[in-house]
Amino acid sequence: MATQQDTYDYTLRLADNCLILGQRLAEWCGHGPVLEQDIALTNISLDLIGQARNYYQYAAELTGSKKSEDDIAFLRNDREYKNLLLVEQPNIDFGYTIIRQYFFDVFHFHLLNELATSQDKTLAGIAQKSQKEVTYHKRWSGQWVFRLGDGTDESHERTQAALDHFWPYAFESVIPDTLDKNMTQYGIGADLSKIEEIVKKEITNHLREATLTLPTETWNQTGGKNGLHSEHLGYLLAEMQHLQRAYPGAEW
Amino acid sequence: MATQQDTYDYTLRLADNCLILGQRLAEWCGHGPVLEQDIALTNISLDLIGQARNYYQYAAELTGSKKSEDDIAFLRNDREYKNLLLVEQPNIDFGYTIIRQYFFDVFHFHLLNELATSQDKTLAGIAQKSQKEVTYHKRWSGQWVFRLGDGTDESHERTQAALDHFWPYAFESVIPDTLDKNMTQYGIGADLSKIEEIVKKEITNHLREATLTLPTETWNQTGGKNGLHSEHLGYLLAEMQHLQRAYPGAEW
Amino acid sequence: MNTIDLEKEFQRKLDAEEKIEPKDWMPDDYRKTLIRQISQHAHSEIVGMLPEGNWLTRAPSLRRKVAALAKVQDEAGHGLYLYSACETLGVERDELLEQLHTGKAKYSSIFNYPTLTWADMGAIGWLVDGAAIMNQVPLCRCSYGPYARAMVRVCKEESFHQRQGYEIMLTLCNGTPEQKAMAQDALNRWWWPSIMMFGPNDADSPHTAQSMQWKIKRFTNDELRQRFIDATVPQADILGIKIPDPDLKWNEETKHYDFGSIDWDEFWAVVKGNGPCNKERLAARNKAHDNGAWVREAALAYTEKKRKKTAA
Amino acid sequence: MNTIDLEKEFQRKLDAEEKIEPKDWMPDDYRKTLIRQISQHAHSEIVGMLPEGNWLTRAPSLRRKVAALAKVQDEAGHGLYLYSACETLGVERDELLEQLHTGKAKYSSIFNYPTLTWADMGAIGWLVDGAAIMNQVPLCRCSYGPYARAMVRVCKEESFHQRQGYEIMLTLCNGTPEQKAMAQDALNRWWWPSIMMFGPNDADSPHTAQSMQWKIKRFTNDELRQRFIDATVPQADILGIKIPDPDLKWNEETKHYDFGSIDWDEFWAVVKGNGPCNKERLAARNKAHDNGAWVREAALAYTEKKRKKTAA
């Protein structure tokens, strides 16, 4: 059976993905390419941070302590964040942001499908509540992959560059590690081996339809799930945590 | 007579200018346009942070407490930093960095000339020790103003843009406020009214010789000396203070 | 109808408090005044995203981060309503944006001040949105229909934002001494710019009379300013922080607060472009627009390709 | 002299431990080997600025900030000496940089790992510079004069850096439990990459024999690796942190430490380009170079203008 610690660790991964990607998207707010898409980016950020809160609240419960969602979200060090490397990568431009988002959305969508039937009722509940939002995210980013991939020469080129850049980060999500496998066995975690093929197929078909060239590289950057991050995360956290760190114990 | 608090506040301004500009220059390290200039930028950063340490150590003494240079350098909030707005502005590109540096160096050079005869022996000593370094800084940035201003069309254009951009920040340094005036009267602070003309004349002559067009704007951005900063400083501090804040009380 | 009849009909509607609608005849100057005012208002919403946007990534709790994101997003939405309202007057959004980006169009000067601490998120909600509401509630009864209806939606959300801002201030004022000092500092910095938001004194506001006659405006600048001050002073008292005006005091006779004289030199300097952040705000908007050009082009090109395919 | 005499004279110098100097005759392959090795070494210094550069703005004290800046600056200086040494062999710095930027030239794979915490600044100094010194001290006796002399200067500074790194680790290990954990974590991550720095096992290192014959290299990879491990284990013991190798133990017979087998798959993956930061490191160098183009051009143009003026 899953220990409380297992479930806590697993929940943190879910939470951190949502928070860190939400944080990256929040950087766009006020700087989007057109007002409607500025709103859309912020909307997805809001959804993800909302979902993150649900997970963190559950994680806080699981600690059995007085820890709050904010204590967990803000007061860990860099090595204790368990998000995928993909979601912490910088925005760079709208094309990079879309490719990053699309990779995450496809995974996220199928992950939640699995999680929705988790034997952990809380996680199943959060997953179910999130499905509608994430369906929308996937549709939005997927549409933009089409528009950018099959838009102008410039947009095609930029989006291809983004695709090549993020390709090694695309599938860390579906490579199970020990915790993933154990949580699957306990009937709590999503079975990544079940969704791996679906995710890869959906992504590759979609990219082809968007007239993009699939990179031939097969190597995956991994480590995020176990707190081995890129150098980008530290800066993101320094910024995100600044007030919590500078005014310890204050209520906001 | 100057109170301990006056001297402390005045010393902080000197220290913060050096630290914050040193921090900005440190961002260049490893990213300079050519190896020799990478080294030069780091060198100036090192000099300035070294000078900052002298001032902070004196400031720490003046508090009469157990505060260390690091407590003062790292553990104040954004509104408590007293550096000029100029020095906290982002690097943008090498041209902007050079214009920012040159404006500061000319002021700094003449400031130290005055401070070197301060009745406050510690400040006078620090100023004297710093003069050689700052003479070199001014020569270096001044030379680069020539090279960039009178180099290629592109470099001229970029440098003119940088000049126009930083012009409103150029002379906050020589506009005395109450503390400046009081400290001058006590025989401790530099007499800004004495150096204002020299600084302006030197800068304008130099810029003209570099074939740059002097902006006609006469309006000055001010506030830094009293802790009213631009939005850039907060991010710089969040990054700079991160470890000090995240591990309170730790020794490094 | 001839021009005289059209003018009469226009006047009749104004007198009867009927709305002027896009297809109705209206005097050229009425149209121009509305375009200027609505587009300035729209631009203010868009530029207004920047100062608060500055704290989104540094919001100190998840709850506050979500609320702040939603608020800035609402401002984008207000921008959209208002650009749409403006388009009903026959001017395209692109043209309006062009005016903003080249510095030809104005936006509210308040957004040329920097947000230096988290407390500014409170102060902006409380004071800036508070002042905005004071200005905007009467606009819900503006004679031009599309503007009036946009303002109904805007005002509903703004008053939510204002409460949210006040609540941030309240939390800070009930917090640690450092937090309360942060709140006081924010009030010190935002007070005067906020009361300048109502514009010059009536004597120096030449357009006011015409706008009131057209029932675009319903109250003068000074009337609105006084209302705002009267409403805000007791709120500051509840917070336990002090409005930075030594001349501020209750006047038993007028039943209003008297207040000190406003530094109109600062106001005009900022309007003219010499505020702490004018250049940065405009640069940020231009950068977003320029960096977005290829995205907008791609979306158009893709739609065109799809259209051709469907047509073929 | 004819070729045979030249070869004899070259060999005589090698045998007599006399230095080969730039103007001396040398075999083509000797020259090529040196160019490859010295330029790789120079590139490693330059790319090596990036991982530590990552913590300059976040150094936790002023003293550490100054020391870290000076250290990274020293690496730039080493890069300069080494590019100069390489230029004595008839190849320009620009050409070498071009090889780096296009990915044609290699640099030490260790710099393709990220610096994740402040403790990495300690671990890099202690382990990476430690390993580098082990490699480099014998190079002070390298048969090629300019390289040997550059290495004398480099080694002096490197050993200072190594002490500085160790001192960072010592401070962390004597600090709070969190700091000690940070130090242990850094050791865990940097240990294996550090001992891979000595290159493949001798059996898989085809160039070693020739390089030793030419007295470019003085020891084999495995010999140097063993020395490094023997020197480093007791240092870890003093720190009170554990080297992440369960097979590591003192061998009374050999008087050396035995150690576990190295994951050469990881080594070759990183060499081939699939390390955590390969792309970022190269991108950072390219970006710096590209963004600097207009600056270098301006400097040239200005010098040219001055020259013409002086000539006129």
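The first chain written gets the first letter, and so on, giving A, B, C and D; residue counts start at 1 in each chain.
Methods note: a contact is a pair of C-beta atoms (placed from the backbone, for glycine too) under 8 Å apart; a residue touches a chain by one contact, two chains touch by 3 or more.
It should be emphasised that the depicted structure is a prediction, and the values quoted were computed from it without experimental measurement.
Novice: Under the touch criterion given at the top, what is the topological distance in steps from chain C to chain D?
Specialist: Minimum step count, chain C to chain D: 2.
Novice: If you tally contacting C-beta pairs, which comes out ahead, A-D or A-C? Let me know.
Specialist: A-C
Novice: What's the farthest chain from chain B if centres are computed as the mean of the Cα atoms?
Specialist: If we average the C-alpha coordinates per chain, A ends up farthest from chain B.
Novice: How many angstrom lie between the centres of chain B and chain D, each centre taken as the mean Cα position?
Specialist: 35
Novice: From the mean C-alpha coordinate of chain A to that of chain B, what's the distance rounded to whole Å?
Specialist: About 41 Å, centre to centre.
Novice: Can you list every residue of chain C that touches 2 or more other chains, as numbers and ranges?
Specialist: If we look for residues of chain C contacting two or more partner chains, we find 58, 178.
Novice: Spell out, as numbers or ranges, the residues of chain A touching 2 or more other chains.
Specialist: Residues 77, 234, 238-239, 242 of chain A touch two or more partner chains.
Novice: Could you list each pair of chains that touch one another?
Specialist: By the stated definition, chains touch in these pairs: A-B, A-C, A-D, B-C, B-D.
Novice: If we count contacts the way the header does, which residues on chain A are in touch with chain D in the complex?
Specialist: 77-79, 165, 168, 219, 221, 223, 228-231, 234, 238
Novice: Contact residues on chain D for chain B in the complex?
Specialist: Against chain B, chain D makes touches at 46, 49-50, 53, 56-66, 69-70, 72-73, 76-77, 79-80, 83, 118, 168, 171-172, 175-176, 178-179, 284, 287-289, 291-303, 305.
Novice: Provide the residue numbers of chain C that touch chain B in the complex, in ascending order.
Specialist: 54, 58, 114-117, 178, 185, 189, 269, 274, 276-277, 279-280
Novice: Which part of chain A faces chain C closely enough to touch in the complex?
Specialist: Those in contact with chain C are residues 19, 23, 26-27, 29-39, 42-43, 45-46, 49-50, 52-53, 56, 69-70, 73-74, 93-95, 146-148, 150-152, 154-155, 158, 239-240, 242-244, 247, 249-252.
Novice: Using the touch definition up top, name the residues of chain A that touch chain B in the complex.
Specialist: Against chain B, the touching part of chain A is residues 77, 234-235, 237-239, 241-242, 245-246, 248.
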